Amino acid sequence: MTKLLETQDLKAFYGDFQALFGVDIAVDEGETVAIIGANGAGKSTLLRSLTGLHPVPGQSIGFCGTAISGLAANRIHQLGLAMVPEGRRLFPSLSVEENLKIGASGRRKGPWSLDEVYRLFPALLERKRHGGSELSGGQQQMVAIGRALMSNPKLLLCDELSLGLAPKIVREIYAAVPLIRERGTSLVVIEQDIAQALKVADRVYCLQEGRVSLEGEPADLTRDEIAKAYLGTEEAA
Amino acid sequence: MEIATQRAPAIGSNPANYMLVAAALVCLVALVSAPLWAGRADLRMLMEALSFLALAQMWNLLAGYTGLISVGQQAFVGIGGYLFFALAMFGGIPVLAAMPIAALIAGLIAVPTGWLLFRLQGAYFAIGTWVVAEVFRLTAAQFPALGGGSGISLPVSVAKSIADTRAGREMVMYYIALFIALGAVLAVWLLLRSRWGLALNAIRDSETAAGSLGVRIRRIKFAVYVGTAIGTAFTGAFIFFQKLRITPDAAFSVTEWSAFVIFIVVIGGLGTIEGPILGVILFFLLRDIAADLGTIYLIGLGVVAIAVMLIDRRGIWGALKARGVPSLFKIQRHLK
Amino acid sequence: MEMINVILQGVLLGGLYALFAAGLSLMFGVMRFINIAHGDFIVVAAYLMLVAVLFLGLNPIIGILLVVVLMAAVGYAGQRILLNRVLDDDILPPVLVTFGLSIIIQNSLLETFSADSQRVPASGFDTASLSLSGDLAVGLLPLAMFLAAIGVIGVLQFVFYNTALGRLLRATSDDPEIVPLMGANNGHVFALATAIASGVVAIAGTMLAMKTNFDPTIGPSRLLFAFEAVIIGGMGNIWGTLAGGIILGVAQAIGAQIDAGYQILAGHLAFLAVLIVRPSGLFAKAKG
């Protein structure tokens, strides 16, 4: 299998503050990878670094065999890496349909189109003229996912899909994940909801204080291992 | 990303520190004794430079510490000048009293203008200040008693009231200028060292702070706005006392009292007390060399200001400080 | 009758002010950027028109088109090369850079064209007038300008709400940080906004050149008129800006009727009155 995304010794800084201390992760084609970790473990920084929103030093990120660290975010996006940002971040003055259309600004070809997104999330079709702020949290999340899919990405990064949503809605949203994979898009999901993450992922990374503390397939990991990797050694001891 | 600046070492541990303090003292002695050694033209230039230093310190306090960018401080230069003329000519108030009174009235005027302008944010505030200055300029031109659009000269009797001889007058004027400039520097320094200083340093980037903190920040900003209006008007009163003539266009000139002042502060170093001092020195040196070039000089000034923003927006003093040059005016208070 | 005539002249003048304002408002809307040299750019367009019509002998319509294309191109390049480098949360750098540009432009124009007042002849068009009824008459040129202003604003409105470019501009206005995640380059979007704004500025400047006398120093007051029209009308509402321009124009016309010295002052006072009564503007769009 070819590596779609690979980081080697990825470090990230905010001024003097170091957020990532040499993170190595890899995503294979067709895979769904979950990244779990406590607040402040560096999950969001990792995603922001991958998308180019947060510049990182060195040549530490490879995507489809190209070094993408240092590229502008829109160039990385055009290579086929899309993101559903934390908090959805819909454009409030754009309607649902406009929010979706703008996701295709990079003009990448592929299976996803406006019709396909509406087929995936039928709730959006009836509300396509509505503004983003008139939607429920779950519908907003659907727009954010649809908007990212409109660029026909090879890899979709999802930041906290379940945050602030009722369990029923979370299940609805996650039901879309297999359908997205079927069309050839790999996923990286960041989740605080560990159970949900383990259910959907082929492989799991756990981040702790800017380092990978655990890696493996969900079936192989024990609760204790995860708890230790998640919370840190002193709490586990 | 840069590395946080190290705390400047205490005086005594660094020879550069001694040199800086020594140079400052030499300058101070030279300034105080200037009437003894400087010719008439030099003295006039020094007066002008000192006036600009005071204006620059005021603008620096406003923009560098509260983040309020004004391009309309000429409003208070002009108001100070016009009020001074009105008080001295029609109120019969002695010159030395008329200046501070004019400044205080300008402070009162700043309360409603500030109330109005604080409704605008950021860059809109900046242009709003300019509109207000224009309103005052156009209004000043509507007062026939003050010469209307063509302006008015200060009667010789008023000028003579401070000293009989021309040399005596110039000496008194010079010391007023020195008093204003040193007063402005000291006032800003003491303010920043006071308990308000810490708050001022903290609020620059917290425009959006909400709740009671937001209200307090607004009050501090407002107080600084009014305070700098008073200092600016005091300086304006002096400037036009020295010129002995005032016109609306000169009194409320955006180029003179905003563009030059802002360039001085920004080229020298915004948000430092040393920056405006350095900026004034450079500005007058440059002017001495290149003023004959007229418009070309002004174009050059614009280019330099843009270059500072592109190369290092901290200005010359800010860049020097980052390279380890110690501060002359210590502001950071040591935490106990 | 006299008063109606005055108000009518003010309304027509307001169209020009709305054009001044549209460019300023667009740039602020998309990138929270205020160009202090905005008025000076208008004057540059006026001088370019002067060169095109008087020195090159071009037809005024060709002249306008040429100036629009030229200004839009320069606007695009200037944004990418210079202004994008000073755009961030700190408002001082853009204010200072454009303040510097303002000084540079004014003095370069002085150096090139002298301080003499200029005017571009509009081949008789500028004196012709249309008699409405009795004493009431409107100049053809002011009327044409007013209609052109409405046309330009209509086109801007259409582009903004009905095209992919407009969508991108509105999205950038909402949340510029994540626009690159849509595959668009912020620097390019900003530059496109400036190019459009500069094109509008060019139309405004060429009209100014035909309507009144101008010299290198009149830029700053045009900036203030533009700014006042935006604030009176309410930010983010382009038809509000037209209304703001008209209110400003009428206030100035009435002021001028009282005394020539009150023309500009009356406009400023109208602006300050709106700031007291409704700081968010008369026709501000409610934020959702």
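The chains carry the letters A, B and C, assigned in the order they are written, with residues numbered from 1 in each.
Note that contacts are C-beta pairs under 8 Å (C-beta built on N, C-alpha and C of every residue); 3 or more make two chains touch, one makes a residue touch a chain.
It should be emphasised that the depicted structure is a prediction, and the values quoted were computed from it without experimental measurement.
Two chains share more touching C-beta pairs than any other pair, namely B-C.
Relative to subunit C, the chain whose mean Cα position lies farthest away is A.
Distances from each chain's CA mean to the overall CA mean are smallest for chain C. As a whole-number value, the distance joining the C-alpha centres of subunit B and subunit C reads 33 Å. With centres set at the average Cα position, the gap from subunit A to subunit C is 44 Å. Taking the mean of the C-alpha atoms as each chain's centre, subunit A and subunit B sit 52 Å apart. Counting partner chains per residue, subunit B shows two or more touched chains at no residue at all.
If you check the complex, the residues on subunit B that touch subunit C are 63, 67, 69, 71, 116, 119-120, 122-124, 126-128, 130-132, 134-135, 138-139, 141-142, 149, 205, 254-255, 259, 262-263, 266, 270, 295-296, 298-299, 301-303, 305-306, 309-310, 313.
On subunit A, the positions that touch subunit C within their shared complex are 51-53, 72-74, 77-78, 82-83, 85, 89, 91-94, 98, 101-108, 131, 133, 147-148, 151.
Residues 164, 167-168, 170-171, 173-175, 177-186, 288 of subunit C touch subunit A in their complex. On subunit C, the positions that touch subunit B within their shared complex are 28, 32-34, 36, 82, 85-86, 89-97, 99-104, 107-108, 110-111, 220-221, 223-224, 227-228, 231, 261-262, 264-265, 268-269, 271-272, 275-276, 279.
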